[in-house]
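Dropping the structures in below, format is structure tokens.
Shared between the two complexes below is chain A, which pairs with chain B and chain C, respectively.
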Partner chain A sequence: MKKKIDLTQLLRSKVTWAIVAEILVLLVCLIARPDFFSLKIQEDTGMLYGNIIDILNRSSEITIIAMGMTLVIALGGTDLSVGALVAVSGAIALKFMRWDVAEYITPGDYSVKPYALALLVPLGVCTLMGLFNGFLIAKGGMQPIIATLILMVCGRGIAQITTDGRQFTTKFTPFYRIANSSFLAIPMPIIITAVVILLMWLFVRKTAFGTFVEAVGINRNASRLSGINAQMVIFIVFAITGLLSGVSGLIYSSRIMSNDSNNAGLNFEMDAILAVVIGGTSMTGGKFSLVGTAIGSIIIRTIVTLVYYFGIASEATMAFKAMIIAVVIVLQSEPVSNYLSKRARNRAKLATGGVK
Partner chain B sequence: MKKLVALVLALLMALSCCVALADDVTVAFSQIGQESDWRTANTDSIGKWVGEHEGWIYTYDDAQQKQENQIKALRNFITQGVDVIVLTCIVDSGWEEVLKEINDEEIPLILVDRMPDCMDKIEYYAAFGGDFVEEGRRQVAWAGEYLKTLGRGEEEVSVAIMEGTTGSGAQVGRTEGNLAAMEAYPNMKLVAQQSGNFTRAEGQALMESWLKSIDKIDVLIAQNDDMALGAIEAIKAAGLVPGKDIIIVGCDSVKAAFQAIVDGEMNATIECTPLYGPAVVQCIENLLSGVPGSKELQHPDEGVYDMDGGIDVGGVVSIKAGDVIDERVY
Partner chain C sequence: MENNTNSRWQRLVKKLTNPKYIMVYATVGILLLIYLFGSIAYGNLASDPKSNKGFNTVRTITTLFVDNAYLGISAVGMTFVLITGGIDLSVAAVASLTGMFIAYGTTELGINPWICIAFSLFVGVGLGLLMGWVIHYLNVPPFITTLTGMFLARGVCSLISAKSITISNDVIDALAGWKVYLYHLKDGEWVKIKPTAYINFNIILFLVVLLVGIYLLQRTKFGRNVYAIGGNEQSAKLMGLPVGKTKVLVYGFNGLCSVLAGIAFTLYVKSGWNLSLQGGELDVITCAVIGGTLLTGGVGYILGTFFGVVLKALIPSLITFQGTLNSWWGKIATGLLLLLFIFIQKVVVSSSDANRKKNSQTAEKRIT
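On to the complex of A and B.
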């Protein structure tokens, strides 16, 4: 009996439907091309090699940002600046590593004096930009969508100014390793993502912070009256999101070993919001699920990989993605999931003779 | 009497000023913004050539990727009464009104790089732009001729075309050129054709997938160098040797691509030059000396650069990239 109640609850849970959707998409892949799931160890690099690895690997940038975005949305806001921060992070990092400045004039001489600066400065700047967002929202009382719009618009400008509107290329090995090396045959971006998810989960679930976020998201005034420092919560959440955008930007730039102020992180804010929504967190704020978000991000990347793998024509790509996402969201919608869980309940009652 | 003398003197001075001003030619350039190294080189080239020309005053406006900024700049140029306007259009449409205003003021207009769609409805002195179809043709022709030098002219080879942003002028033109040229090389078989959005990251992700979904790719035609550079990383990660196992032909000829060719990771790049400075200066000189303009789109001289040089792609013989990499400014 207890098991059956669990089933109804499971059917109501949006995370379940996100997992079902992912399995369905993968099933389509399996039927169309059984070799889609083939996995092997690449001899030269010692890395796992296959589509599933690609999906996990390439979803890293969005997953990492979406972890922060989940908290922002749980607060009842959105952060539109994350994509621009990805560009800022990459631009600053490459500023330290370009080879066409006087010191590194010979291609091949990519030594960067204090390498830590190339990582710490971008992350620091992105965190500060996140704090700036938090300041406008917490102290300035601006709506998050408006406050973060400022950096969304001028962030890319800042990235352009940083690099004088140019695209630098580097071959500096330690930087290359961020996205292109592996640990226990697993590509590094997957490891970084797993660590980020774990740390975030510990932070929100093993401290009271997650509850604070939900409380502020449901009712900011009530949470203040009950003694929660709502302003501080907002500051921390936006700073984390800024920092995570910076991490994502470093992975992105390390993959292409260059900065790309126009295209780095382009539309990442939309993908991150979509990942959070598919993962079952409501845009109105309150309860959130980090695991759901991670699955949402993986679904988005699975669709992109599927489009590439099956050679769907460029013109049809957008429509195809939209179609799959529409199905996923409809599956999760309140009426549909209610209907399905009701059917499950009825069936359970039928089995015990409860329904006439 | 004194007042009269002063007045006459003042008038004379004012007149002489006008004469001096009339000698100077003001050239105004409305650029779309700074989006890439290519664009920066484009701005620098025109700025340097026009700006350093004796007796010319150069005015520059950066529209920061917004059409409304460009239209505003053009109206400012009209109010300032500039003598020549040089324009690159950020998008195709929405130009007719402001360009007709320029025509009404009889300010000569020179169109550069990106053309407006209302070209047949307006007056302009000259138009300089890249020939995307020809660039696309050259990409495939280079690969075909190179295969012949390797003795693989008869062997059936699999070709993948990595397209640019769907619907952009460069993508449409280069795809047309790619596909048309493939008919001349019956040994080439098209196995994939998808968009990598002209970016390194997407070129890399697309190549990563292709290497798993397609058994064999011999030739990669990437419609810009950035996607080719991204694809090189994916090919390396798959344990293949870029430039040998897969022949890679890019387009644009940016410095990073030259470096890749010198390093042996890429085979060739077809030039799409941003260096319009000399052509624009020549054009303005013609204009000032009264040579009638031409409505025909003029293409700049563009080269083909590869590992060893000497491959004839029909009209142009390729140049060894290693010999010219140091002269490359972008």
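On to the complex of A and C.
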């Protein structure tokens, strides 16, 4: 009896559907290529190599942003500016590391100072931009979607102006290592992502902050009346999202060792929001799941990898993304999940002879 | 008799000074300010005053419309969606898909362009209706539903062709090339305005969509329902209004506008490209917001959106005339403009809320 009730709860849980979807996509991968799960160690770099690692590695930018986005959506908002912030972060970092600034890139003898600046200034600026979003929303009382639309429109312009519309490249080794080195054979972006997820989890679940976010997301006035500083919660959440966008931007620009104000982080906001929603956090705010979001982000990347495997043009991945996401969202939607859990409950009743 | 006309005037003045139009007036005011700035600063760039090489020409205005007709067409549909309190992120992708259908169909497959256009209309309106259905009956947030629609349309674009296809078709060429030059009376003779200014098919399409939009929103039951849903969906439902049907139709109408915008854009660039108009959906939303539409729903006018489009189009035009500024400043200026308008909206909304509260308080007092 108890097991059956668990089943209905599982069917209602949106994270379950996300995991089921991921397993299904992986199964398709396995059927398409039996060697899909094989792992090798690259001899020259000592890095683990394989599709699973690649999926985790390439999904890290979106996963990191989606961690912040989860909190934003749990507040009942959306942050459209993250993609633009990725571009800003990359542009500022590369501004400090232009490879034509010769004195900093002498092999083996680089000054630490510009490197620290190249990492800290972009993160600081992105956090400030996040705070700006938070200010418009918490103090200005604007809708998040509109408030963040401003930086989404402006952000790429700011990134372009930072670098005078030029594309810088760098050969700075420590920067290269952010995305292209490994620790214990695991690529660095995966480690960074794991650390971010862990820190975020500790922050929201081991302090009361996560509960505050859920309370503000469910009813801002009620949470204010029960003594939560809703404005402060909004400020912190948007600042975190800005900071994480900056981290993601550093990884992105370290991968290409260059800044690309036009294409860096393009559609990241959309992917991050999708990851959050697939992961089971409702757009109306309230309860959220960081683990679900991470799974959502991995699902998106798995679909992309799968489509590459079938040799379809990379731009067309969007169509497949859309189809799988449509299935997940329809399964998660209220009427359908209610119907499914009702059926499961009925079956449980039948199994016990309808006695309750 | 005199009294009658007097009261008619009073009624008109009262109607025009209705605070609900204040956002539209703000848009028009800032539009005029920016235009004035443009005409003073870059009114005549050449040293010869007769050369007509500057901002103060009819050509500036017609070019504004020629370059942005597709944006305007899409913004009309978007205004409907925003007034219901929804959002549609798929518009640019659907417009791009229309371009791909027309380009691939006519140039690669040799199909009659009218069939391609009909097929695009079928797909675009169908997708819109489907999204509306999912939003209302499956209760999926509009943002997510239309985002999926956007991914789907973009993906299909790329499945058709990942390369840009230049259109070579007589009908499309004829439609794209059709233009009416503007004439003016000079020394008792009709001569072409110099520098030449013309009206093309896209401008006419834009104006037709605009008028249809105004008629639907202001003069039909459908339009009333749209406002009612945006004001308060629950109340609209309790009043017995066809909420579901209206919402589905609104997304269907927006799909139609997206396809028409796609046709206009295709005629404008005469090619189809799977990545064209990327990010265009937010340009369209920006136009509507600048034009005074509230994203919370219930407030907005097609005419406001029209001025929003013109205002948004004016900025890149001014930066071109300025000549030395990087085009990226256009983005920043648009962002700042958005910020300004949101602040104005905020002030207007909170003051009208305060008014309402005051009114209801006095009403309560009267009752007691």
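Note that in this section the second predicted complex is superposed on the first by the 335 of 356 C-alpha atoms of A that agree within 3 Å, B and C clash if a C-alpha of one lies under 4 Å from a C-alpha of the other, contacts with A are read in each partner's own complex, and residues count from 1 in each chain.
Here is the rule we use: a residue touches a chain if its C-beta (ideal position, glycine included) is under 8 Å from a C-beta of that chain, and two chains touch if they have at least 3 such contacts.
Everything numeric here is computed off the predicted structure, so don't read it as measured data.
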| item | value |
| --- | --- |
| Clash or fit, chain B versus chain C on superposed chain A | clash |
| Touching partner for A:317 - first (chain B), second (chain C), both, neither | both |
| First (chain B), second (chain C), both or neither touched by A:23 | neither |
| Touching partner for A:198 - first (chain B), second (chain C), both, neither | neither |
| Chain B versus chain C as contact partner of A:51, first or second or both or neither | first |
| Partner chain(s) touched by A:264 [first = chain B, second = chain C, both, neither] | first |
| Chain B versus chain C as contact partner of A:180, first or second or both or neither | first |
| Chain B versus chain C as contact partner of A:335, first or second or both or neither | second |
| Partner chain in contact with A:160 - chain B first, chain C second, else both or neither | both |
| Chain B versus chain C as contact partner of A:39, first or second or both or neither | neither |
| Set of chain A residues, in rising order, touched by both chain B and chain C | 157, 160, 164-165, 312-313, 315, 317 |
| Touch list for chain A against partner chain C, complex | 78, 80, 136, 140-143, 145-147, 149-154, 156-158, 160-161, 164-165, 266, 270, 273-274, 277, 283-284, 312-313, 315-323, 325-326, 329-330, 333-336 |
| Residues of chain A that touch chain B when the two form their complex | 33, 38, 42-45, 47, 49-51, 54, 58, 107, 157, 160, 164-167, 169, 180, 252, 255-258, 260, 262-264, 304-305, 308-315, 317 |
| Residues of chain C touching chain A in the complex | 87, 89, 134, 137-141, 143-145, 147-152, 154-159, 162, 274-275, 278, 282, 285-286, 289, 295-296, 326, 328-332, 334-336, 338-339, 342-343, 346, 350 |
| Residue numbers on chain B that touch chain A, as the complex places them | 34-37, 39-40, 64, 163, 166, 192-195, 197-201, 204-206, 208-210, 212-213, 226, 229-230, 233, 237-239, 256, 259 |
